[in-house]
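My structure is below; once you've seen it, I'll send some questions.
Order of writing sets the chain letters: A, B, C and D. Residues in each chain are counted from 1.
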Amino acid sequence: MAIKTSEQYLASLRRLKPTAYMFGEKIENVVDNPRIRAGINATGATYELANHEKYKDLITTISPLTGEHINRFTLPPQSTEDLVMRVKINRILGGYVGTCHQRCTGLDCLCTLSIVAYDIDKKYGTHYYDRFKEFLKSMQKNDLTGNASVTDVKGDRNLSPREQPDKDMYLRVVDQTKEGIIVRGAKVHQTGSLSAHEIIVLPTRAMQKGDEDYALAFAIPSDTEGLIHVVGRNSMDTREIEGVDCGNIRYSKYCPTLIFDEVSVPWDRVFMFREVEFTGEMVSRFSAFHRQSHGGCKSGKIDVMTGAALLMMEYNGTTKVSQHREKVINMIHMAETLYGCSLAASYEGKKEPSGTYFIDPILANASKIHEGKEMAEVTRLLIDVTGGFVADLPSDRDFENPEIGELLKKYLKGATEVPVEKRIKMLRLIEKMAMESADTISDIHGGGSPAAHRVTIFRESDIDYKKRCAKRLAGIEP
Amino acid sequence: MAIKTSEQYLASLRRLKPTAYMFGEKIENVVDNPRIRAGINATGATYELANHEKYKDLITTISPLTGEHINRFTLPPQSTEDLVMRVKINRILGGYVGTCHQRCTGLDCLCTLSIVAYDIDKKYGTHYYDRFKEFLKSMQKNDLTGNASVTDVKGDRNLSPREQPDKDMYLRVVDQTKEGIIVRGAKVHQTGSLSAHEIIVLPTRAMQKGDEDYALAFAIPSDTEGLIHVVGRNSMDTREIEGVDCGNIRYSKYCPTLIFDEVSVPWDRVFMFREVEFTGEMVSRFSAFHRQSHGGCKSGKIDVMTGAALLMMEYNGTTKVSQHREKVINMIHMAETLYGCSLAASYEGKKEPSGTYFIDPILANASKIHEGKEMAEVTRLLIDVTGGFVADLPSDRDFENPEIGELLKKYLKGATEVPVEKRIKMLRLIEKMAMESADTISDIHGGGSPAAHRVTIFRESDIDYKKRCAKRLAGIEP
Amino acid sequence: MAIKTSEQYLASLRRLKPTAYMFGEKIENVVDNPRIRAGINATGATYELANHEKYKDLITTISPLTGEHINRFTLPPQSTEDLVMRVKINRILGGYVGTCHQRCTGLDCLCTLSIVAYDIDKKYGTHYYDRFKEFLKSMQKNDLTGNASVTDVKGDRNLSPREQPDKDMYLRVVDQTKEGIIVRGAKVHQTGSLSAHEIIVLPTRAMQKGDEDYALAFAIPSDTEGLIHVVGRNSMDTREIEGVDCGNIRYSKYCPTLIFDEVSVPWDRVFMFREVEFTGEMVSRFSAFHRQSHGGCKSGKIDVMTGAALLMMEYNGTTKVSQHREKVINMIHMAETLYGCSLAASYEGKKEPSGTYFIDPILANASKIHEGKEMAEVTRLLIDVTGGFVADLPSDRDFENPEIGELLKKYLKGATEVPVEKRIKMLRLIEKMAMESADTISDIHGGGSPAAHRVTIFRESDIDYKKRCAKRLAGIEP
Amino acid sequence: MAIKTSEQYLASLRRLKPTAYMFGEKIENVVDNPRIRAGINATGATYELANHEKYKDLITTISPLTGEHINRFTLPPQSTEDLVMRVKINRILGGYVGTCHQRCTGLDCLCTLSIVAYDIDKKYGTHYYDRFKEFLKSMQKNDLTGNASVTDVKGDRNLSPREQPDKDMYLRVVDQTKEGIIVRGAKVHQTGSLSAHEIIVLPTRAMQKGDEDYALAFAIPSDTEGLIHVVGRNSMDTREIEGVDCGNIRYSKYCPTLIFDEVSVPWDRVFMFREVEFTGEMVSRFSAFHRQSHGGCKSGKIDVMTGAALLMMEYNGTTKVSQHREKVINMIHMAETLYGCSLAASYEGKKEPSGTYFIDPILANASKIHEGKEMAEVTRLLIDVTGGFVADLPSDRDFENPEIGELLKKYLKGATEVPVEKRIKMLRLIEKMAMESADTISDIHGGGSPAAHRVTIFRESDIDYKKRCAKRLAGIEP
């Protein structure tokens, strides 16, 4: 059967030998590196819940392609219900891991390719869609995790790909052979690239004639020769390394820069090759799916933050403070706004020619625009309710120190009935959720920058209809 | 057939003889009073579109009760689709009339009673639901408009109904006979009460033991003896009276105070009588339905406002101003937020014991909380894009004046190719939409005050689940 | 002595014979037209308080020009203290009239000319400043009110003055004689132009070579031949005409469009003539002074709104509602923000070559940007605290009607100890402050549009200093 | 002379032997611990600039107490100008260190004591003020840094000090002798306590009869026996330890928990002892001064953030992106709002009986309320403009790695003319300013929680005046 357990997932990652660096050093065993492992654990939760009595019916389904039971994280949606389930399981997972589970991006690439590869074939008589279906079958049968490799480094933002002084600022084909293509470039903010089996590459922007070398989509294993994962720094990145003060006791997130230093891609893994006029569609489909995903997982993350705020009120003894309750209501309101708009985008989805269902992009972007602005506010409210220890709680090593540990516990006691340990643990979790950069910054820049979301909502709206409404009521038109 | 045309609707209103006052004087012919008529026209649009080639399939459906074609504004939802259609037709109507169409409140009462009358019967073996079905049948067969009579005057907000020094501060039964009950009290903000055939009364708040006299639900014709409609003042209320500078050339809104000066209600129109423990459910169902309605009509209103803003950019010659475009995007974003959350609330609806579908109250309130805060911002943005003439455009009578009319037209010319008349008309429409009180204040207080929406979203949320999520990740609970 | 009483002010207006239209008709006696009179009363308050025991020491001072006691509304600031007093007396007046007192704009022109006329003379050896001083002397000696005639109609916003198809879209000189110049054009949003003795014209924007005909500054009596005041419509403009439901029982605001239909200006009243490179300075000085003024009067207006909100809590019986208290705190916070930034702008003012003190434009614009965004929020909060009657309170004529008046009073009773009349009056005032267009829209567009304030704050900031700070800390520069 | 250089300051700290713990271990040499040192450096900047040609006239002045030149950070304000200078030098220092310089809190305690010690003496004939003057003299003569020890751990927030199950939840006197008092308790968020020579203790809240043991104010050297500094964790606290990826190349912040484990205080350092009715004044004076300080330093910090945002636009090649410019304008606007309100609070200051000048608390709190809400928004805007590398920039050790360093530099190149090193350094600084917890959380909780600021602004406002304004205009009162 095609559903892996989290142990099988870990084992499958151990079989990979990716090239990875962190803090200037090569990592030989990524799975057992505690920092990477905390990220892998978050993706592992998508495997765990697929085998969890309570959640497995939500997270698994039958594949129309293979007829087998599969994890929904390998399924391009074939119905409105599939679209809706994407949001619902992301919300559950957001609440379960309290950070990014890192498996949605690969799925969003699969969804995108399942529409656009078909559309390209329709126009050009190419056979990308068949290749893609084979790839998809293997993803489903082996219950694999994909990583979306979309964001190029981009060089000078004033210049198009072909205009860059260094031609590698967007990933491009530098050679082609009978076996396949050779590519060069780099992709950044590659959340969970070492937790994935496959790296799925899509173009990062709409391109024009002249940019053909950059109009590429393909997939390769994450340990392909020439691929270099450089795990960047996050604000609290040494906590897992030190094994102390992690806050979230199981899960975390890391985001490599991924260098494609002359990487070979076999033809059967190439899903777009130089069809430059489809780059725009590729990007906009991917972004729309990914923004829909965020509406689920981030509302789930706010569920944790809301719970944490309410518990801090209990642990501090401020349950009756009415302004704190108002702040919690604001947090809930924002979770439901992200979720509601993302759900609506799903329910209003439509079938594409390939059979995949696509969401309403206006509503998906409505959700994401809120996320980009309001997650920072949710975080601020959480800090406000919690108090100053978000900034400077002593280390667990201080609490364990024989000379000062008991003194610290004496003085950190909050509400009368609450054991001080609970308060300390919750403060630590809140520090993680409020101040960790890898996850919080994706609120703003995940799925494209805020400006991109705004442009999309305007472009997709029926502007003429709105004008006609106004003209009729003003008496300018009948 | 049960679908009225707007002409038939008007004719049916003419047959009523309500007692009505405005500006201190009795109105004998409400249908031809130009101010009331502008409101009636807005409700008339729900009849007009039911007969409109493009919209009739959206706005009409088959009644499961009568088997006949009916206007959806008489249909308690019998499916998720029915819930969704409520939002969609409200959005269309909001764009069509550019103000409140005033027919949703009566429907929201029908929806409420179709759930709660059944629930009361279940508990007490009463027969309210049968009575209600007969009433509903007549509403459907005659395509009638109902008016929600919910908001009591409330007297001293510190005191419950039974504690008020004047016992009539909440509408109450003062006597009962073999024929029915006699009630006294007053309901306020009765949007469109003179455009309705039936006044449907529900309690305004959850009540306690001792408040039995106030636990009432019933329906009476809008011209019942003892009912007095006092049409209050709105900020631009004399424009329709004067027949000039109306802005919205067809539609407007008015909101009477409705006094029940000893009014008789026959037993077959009484749907709740002293079952005080069901008042809470009655209010919360009604509010939820009404907040869902707002998510549709107000997003439709923003469609008009957005169109108006874009047209003013064309008429002023500011189409290329990037900040203005950003403001329009904010307007669109807010429309889609209201719409998205309200749609999601509908799609996530569930069947109640009586067969009526009920929305997700959390998501409906998420929409309404945005409305209460952000419609004012949408209005501000519209004024910002438009310019100062929202405040002080000369009257059409000035434009028609032989001495100054041509001078004014010369000087009010905007963008080169645009006739000045268009600019003047659009400015006038915007003045109406931005500064008219009857409609804009319902953004804040319609469907309960902002505080009520906030309390609801908190109460309905699964707080324990959120706490468990946080405890698990902090390591406090497994 | 040079201080007029409000009676003397009224008498002086009666001696003027301006050409004025309203609702398409000529107004023969503007002073006794009840709508105009309510505006005149607001300006009259600046005379009244100058003679008021409690305020006269604040509002009057000694003129360095004439050595006489004068009203500060005729004084270009000669010290930091004078700058600060501008803000403080505007706050008092905002609280005293609850709307725009309409006398600041003329003063802001005097302040501007007292700097720029001097600067032009310095460069060109002209004698504008002497002329201006004579004019100023007469303003001071006769305690006159000026009206700032700044905002041109502007035609197509895409085009500069000289590029407009109709050359009169910005006020311009069409002829010149030995006696003076002849001008044509129109100025809009001329708040209180019929309450003023003098119309003071400044250019509305920075202009370029080729726009010389438009580079004008001058002053003329408000009843000069060829000047036509067309009083535009405001949202509640018929209330004063009807003499009922005014809300603010004494004061209001009106904003004419002012047509200069070939108007002669004698040379001794011309303060700028074709010096096109000084138009930018003229506009930016005026705008800065006017934005400073707003920080005073609008915080004073919020004082009234805050008081009204608190009283409604008393009258409704909601004094203990904690969310309402939080909303009132937001209102107070915004008043103090406008006031604080405007005060700081004054204290940080500097002496110009002519001797007049000029404010810090960054801080003045910081105040105005808040006003443009937050006054709408303050209004929304006021409505929220007050309740739905802001939209639809019955008319005083209804309350006086023998058939329904007593019933209405019975049902509008709020908190137990509060006479219903107080509640009705306060609701009416709040309706006026929340929904009246003439005043509220100046929050957004008064003193230039929000975009103008933003451009200014950026242009005036020391951008290089900020960059150097960042470079040093990043280790890019020492 | 009384002005130390930064070297002399360092040397003076080396003479102290405080008891300090970090990460569970005792720190023997705090001055050379790289993490503590980065904080010491920030305080050192107040010494450095006092000797800097450009700034020394701003930062130093003559002491009215000693007649000597002193650093303003030891001067309770003796004039309005002194109050204003507090804000101005804090803004300069905020821009100079890009974080908290940590010396204002001690000064704010001196300011407070210079008012309240006098007031207590006036009432009780005690001699606290004389003692305080002696202490102040030594602070001035030796150019010492004080640390405000105000925030108690507070235990159960529902309970007053005397009601806590553990009586030490607020610092209290446990014994008294001829030599002095013995105190026990703990103070938290003790920013820079190891950079200070003196710990100045004030009560954390207004107290009531029965809380006398907690009504204490005193000062002791930071290395007094029994004092334990436990340096808490911050989000990026290991960077200085590792000596890499610091972002801000010189300065940082740390915040110990400070345990008073039976500490002796000699009588001549006790400035309040059991005068419980003065605790409220003590807290409100301190908070007001400290909120005023924030208006300076935080606007200075925004100066750095604004410069960083503008430079990132240059380095990324997005200088022409109009939305980014709008975001930068929002950042500037917020800096000026904090600054403007804080400046106004200073200019409006008044002389207290002791001769010290006290600010306007309403305006100081207006500034702080903005900080508590808008600094998070400023940070969000900075991240938005900068891009995703705020989350995951590779380490400097990666850039130095011979295998991948050059590849990384190739791919991180931005705008054509800008060396990649500049971009990397600026990204690192931005990461620090956006995601570091020690400093950013003080935006919210520094100087008391947001709720405290709101309560204060309400309590200090003249509510009756506002009501009278409204009553007069509504016609309720003459």
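Just so it is clear, contacts are C-beta pairs under 8 Å (C-beta built on N, C-alpha and C of every residue); 3 or more make two chains touch, one makes a residue touch a chain.
If you're wondering where the values come from, they're calculated on a predicted model, not measured in any experiment.
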item: Matching chain pair for B-C (criterion: over half of the contact pairs shared, by residue number), options B-D, A-D or C-D; value: A-D
item: Same or different residue numbers at the chain C/chain D copy interface, by half rule; value: same
item: Most distant chain from chain A, judged by the mean position of its C-alpha atoms; value: C
item: Computed distance of Cα centres, chain C from chain A, in Å; value: 52
item: For chain A paired with chain B, centre-to-centre distance based on mean C-alpha positions, whole Å; value: 40
item: Residues within chain D bordering two or more other chains; value: 323, 326, 454
item: For the chain D and chain A complex, residues of the former touching the latter; value: 21-26, 151, 153, 155-159, 165-166, 168-169, 185-186, 188-189, 228, 230-236, 238, 242, 245, 254-257, 259, 261, 316-318, 320-321, 323, 372-373, 376-377, 379-380, 383-384, 387-398, 400-401, 403-404, 407-408, 410-416, 431, 434-438, 440-442, 444-445, 449-451, 454
item: Sites on chain A touched by chain C in the complex; value: 322-323, 326
item: In the complex, chain C residues that touch chain D; value: 84, 95-98, 247-251, 303-308, 310-311, 325-326, 328-329, 332-333, 336-337, 339-341, 343-345, 347-348, 362-363, 366-367, 369-370, 422, 425-426, 428-429, 454, 457-458, 461, 463, 465-471, 473-476
